[in-house]
Amino acid sequence: MSINSFGRLFRFATWGESHGPAIGALVDGCPPGLALTEADIQPWLDRRRPGADPLTSTRAEPDRVRILSGTYEGRTTGTPISLMIDNVDAQPRDYPADAPHRPGHADQAYDAKYGLRDPRGGGRASARETAARVAASAIARLVIPEVGIEARVIEIGGEPEAARWPALIEAAREAGSSLGAIVECVATGAAAGWGAPVHAKLDAELAAAIMSINAVKGVEIGAGFAAARLRGEDNADPAHSGGITGGIATGGPILLRAAFKPASSVPLLGVSGRHDPCVAIRGAPVVEAMVALVLADHKLLHRAQCG
Amino acid sequence: MSINSFGRLFRFATWGESHGPAIGALVDGCPPGLALTEADIQPWLDRRRPGADPLTSTRAEPDRVRILSGTYEGRTTGTPISLMIDNVDAQPRDYPADAPHRPGHADQAYDAKYGLRDPRGGGRASARETAARVAASAIARLVIPEVGIEARVIEIGGEPEAARWPALIEAAREAGSSLGAIVECVATGAAAGWGAPVHAKLDAELAAAIMSINAVKGVEIGAGFAAARLRGEDNADPAHSGGITGGIATGGPILLRAAFKPASSVPLLGVSGRHDPCVAIRGAPVVEAMVALVLADHKLLHRAQCG
Amino acid sequence: MSINSFGRLFRFATWGESHGPAIGALVDGCPPGLALTEADIQPWLDRRRPGADPLTSTRAEPDRVRILSGTYEGRTTGTPISLMIDNVDAQPRDYPADAPHRPGHADQAYDAKYGLRDPRGGGRASARETAARVAASAIARLVIPEVGIEARVIEIGGEPEAARWPALIEAAREAGSSLGAIVECVATGAAAGWGAPVHAKLDAELAAAIMSINAVKGVEIGAGFAAARLRGEDNADPAHSGGITGGIATGGPILLRAAFKPASSVPLLGVSGRHDPCVAIRGAPVVEAMVALVLADHKLLHRAQCG
Amino acid sequence: MSINSFGRLFRFATWGESHGPAIGALVDGCPPGLALTEADIQPWLDRRRPGADPLTSTRAEPDRVRILSGTYEGRTTGTPISLMIDNVDAQPRDYPADAPHRPGHADQAYDAKYGLRDPRGGGRASARETAARVAASAIARLVIPEVGIEARVIEIGGEPEAARWPALIEAAREAGSSLGAIVECVATGAAAGWGAPVHAKLDAELAAAIMSINAVKGVEIGAGFAAARLRGEDNADPAHSGGITGGIATGGPILLRAAFKPASSVPLLGVSGRHDPCVAIRGAPVVEAMVALVLADHKLLHRAQCG
């Protein structure tokens, strides 16, 4: 992972501010000859799109992706694939340049780092950046057709019972509050051997990929924090490993969980803008995206070294 | 992070098998002019060393480090620093080449990946590899003298009360079992601004670094998994962020926790070799090491981009 | 240098095919706070632009660059800068999908590598890709305002006398032929100390950067190939070093030369399309661009390690 | 290429000072299962070894390589391979700490960069560093058994006639002078398709690799600088391309040449130490080494992306 992109062989970088003209991703190292048009990417974006679900943000972006390079007659050519999504619903007037730092947000950190920042809607720190990741991951999925990836919310506001979530969320919205949640992801079909023993462990890379999603504050693989309460004789059960031992995939299902904190910009605190009462709902497709991107990269890495 | 090393500017790679002639680390990108002799490294190794504590493994390695390059008259020259630690107590006879795969270990994964492996004591998957990381981290600490890093075990076998740990561990040892644990680490003095917004978030890099330690199955920053049960108005409390927002250090203390599973190779299961009833005890210095290595790298990265 | 981009800290990647909808560059690692608008980039593109000079290709691209991200109110924010240039004059009909491989071109190599290629105008192998490099280099120049870079053609078709070049070129054009040339570049103001001793020597990086330009078949630093005919006592003259010793800048002018072969697609050989009788004329700004990109990166690298 | 190592998948880093206790290389990303013992490396070192030829330096290093990790029972395991060569004949007394900067050497550049340097025998700038590269390249050759690489001196002091070289060299030695030379290298068997179109062109990577060798001031591929004097119709001849078009191997022989300047530390200038009258003689095996290292890396890269 470079400072400017994710991945080693199947790599991508994202660009764009929440309220600038567009956002995008540059995908490189993609194998040639894969069937790819916008229609392979759009459904994943639609699934992540804000406004699609009444329980999420009211920002209504069509999120139409365009492929600007790297394909010819519907197939990847092996050269860089440039993806662009226009920002249609940008409302920079929501964010005056002299807006105070929003508590719990990255505003202050950006100022500390760069001495200036784009104050419009969180800039790079906006959840909107993840649309570009989802677009890139649609290509990653073409590299690993043998892999199935499914992420879902398993707990909201401490409540594992899904039937009670709509009421919880509605109450939070009315109270001007927001809720944290836990997302679980299972990936099946990753071949035994993907990963590396020390410096690019598959679990370490997944941890970085998941922790790089906005609002994620914790990651666990397999038994995770519960493993800290197991005994050695229990731990030999392969179910606890989450499909990875010694940094290398065992061939079994890869299981991980991510803890999403609640969004901090709640009307309660007098911060304007359009926000979700539970960002993790839209975070689940992003978790899937990051897992797909890591696995595609490791499939190529394994093929390179081990043939 | 490349597949072969950690870090971007302050980088290191480790090498060596548990029962080969030696292990080592190659540290590169170190600033010139820092005072460095073996005496700056040895105390950190002594602290991690097996056999130093009656509650840990009985393998007794002196772990004497030698600096083979990159210094002149006790100062770093800016060129690669090669560190070597001889394996003195290697006992390869404990590990016959035709030994079966130990349940819960990486043996099977290595075979799946490489088609062969060094069967002696876990090879690269041995906890011994972490001695090389600790050695490298002693140099990282010289790069960030303004930073204090302290990791400690806060829970063993689900028990937060330290007074009860010795009995727990002794019982586990006698039963031929082992215990998981949680390690917490606090780093103070990291400047506001270290980190990056999307592709090299400080929390993502720390997560990868910690998850790359043997036996770690979960990582959390700040409130971590508990953040999933917070509400937005609570989350604005900076204490919950763990010193990092939007991937960038806030200047406050950086707080993280790692979940260590129990070692799987317990006599109960008929696996021979010398092992610890609670690997997390010796894991705490390794957590510190990885945090130091990540922070040294990000200090240089920040200086490069932001002057 | 990764397979997908140039540079380590100041990095860029280019994308786009000669006859697709657009080409572009993604620049990352740029320091924050630099004054940057399209007006800082456009003049460099205009200089490189085909059709500007009667002696070059007749393709008439306006080459208007747009900045899509990474700036706010005319200043860089430190986040990725996405640059896009629309392809206005694309004429894909010149290049049927079943066109035979053009001798001396990369067509056959692309097919060998990828099993397919974009047959339109050379795709990624087109000289058009270099427009994206020139755009990125305009930003690099802002990072190294203390550095002056000047490249010029010093020999065309073996002829060092510039007064005779117009006739030579016109004769080549009429004959349906093309001419090779040598470009020389001098960079002043690079600080003593930029570079690295072994694995990222400044001269090695410059050699890679220059050799990556289409049609370049040779690179030399300082005395270059003539140094092979010097004696040791002559060589001590610093003028021969070209401003770099041991991979590190001395502080003196950096001098390099690039050999451009003639374009192979000449009407003589029955290859259609719009081409230059001497590509090196438009190659000189690209040489400057690559030198600027390498030096900006090394300025940041040096600052990172040596403060 | 990172600042700390060469290569992407098949990577290596070298360490060690000319007059320290040892030098070495760390090779990573090597495929598993290759037969490898010290006997596969030693012959290449012997060929490069100073003192082997009466016409070269009088420093007599046995250069015995040891493999410290990454193999088991004579086969590579896929984990990092640490190679070490003890410095036996180090004579640091030849190089007092307060020695003046030697003209034409890197002494001054090192001081400018780092503020200090190891004054003993050139430190990292010593030709001795290349022994570690040669050792690493012996492993690279195992990755590309289908490739034959042969480098030879084709010109010394401007003289292409080999029969006259001994007298030339002897005269230079007696006069306390030294001679530059040109080395040519041919690699056969590299598969069509190795390389990349823009950001990791095979010719660009070879140029960097060769230019990173001490004393090299120029690199050319195929027709090289002579290509600047060709016409388009001549250039279509595949012989001129040197086996690479558009950054990608054509499958034909890869041909390159390197210009070595004469060593600057000649007794004439009052600089002591043991030096060669023509460093290029010992440079030829290093050219081969670098070519092998680049090709092994690109074989793996191509396999990763294109299967």
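Which chain is which? They are A, B, C and D, in the order written, and residues in each are numbered from 1.
Going forward, contacts are C-beta pairs under 8 Å (C-beta built on N, C-alpha and C of every residue); 3 or more make two chains touch, one makes a residue touch a chain.
Not measured: the values here are computed from a predicted model.
Visitor: Look at all chain centres (mean of CA atoms) and spot the one farthest from the centre of subunit B.
Guide: C
Visitor: Of the pairs A-D and B-D, which shows more C-beta pairs in contact?
Guide: More contacting C-beta pairs are found at B-D.
Visitor: What is the distance in Å between the mean C-alpha positions of subunit C and subunit D?
Guide: Each chain's C-alpha centroid was found; their separation is 26 Å.
Visitor: Give, as an integer number of Å, the spacing between the C-alpha centres of subunit D and subunit B.
Guide: That pair's centroid distance is 36 Å.
Visitor: For subunit A and subunit D, what's the span in angstrom between their mean Cα positions?
Guide: 44
Visitor: Using the touch definition from the top, which residues of subunit D touch two or more other chains?
Guide: 2-5, 8-9, 13-14, 29, 32, 78-79, 113-115, 124, 197-198, 301, 306
Visitor: Any idea which subunit B residues touch subunit A in the complex?
Guide: 1-6, 8, 13-14, 103-106, 108-110, 112-115, 124-125, 129, 155, 157-158, 172, 177-182, 192-201, 203-212, 214, 217-238, 240-242, 244-251, 259-266, 268-269, 280, 301-302, 306
Visitor: Which residues, counting only subunit C, touch subunit A once they are in their complex?
Guide: Where subunit C meets subunit A, its residues are 2-5, 9, 11, 13-17, 20-24, 26, 28-29, 32-33, 66, 68-70, 72-73, 75, 77-82, 84, 97, 113-120, 123-124.
Visitor: Under the touch definition given earlier, write down the residues of subunit A that touch subunit D in their complex.
Guide: 8-9, 29-32, 78-79, 197-198, 300-301, 303-307
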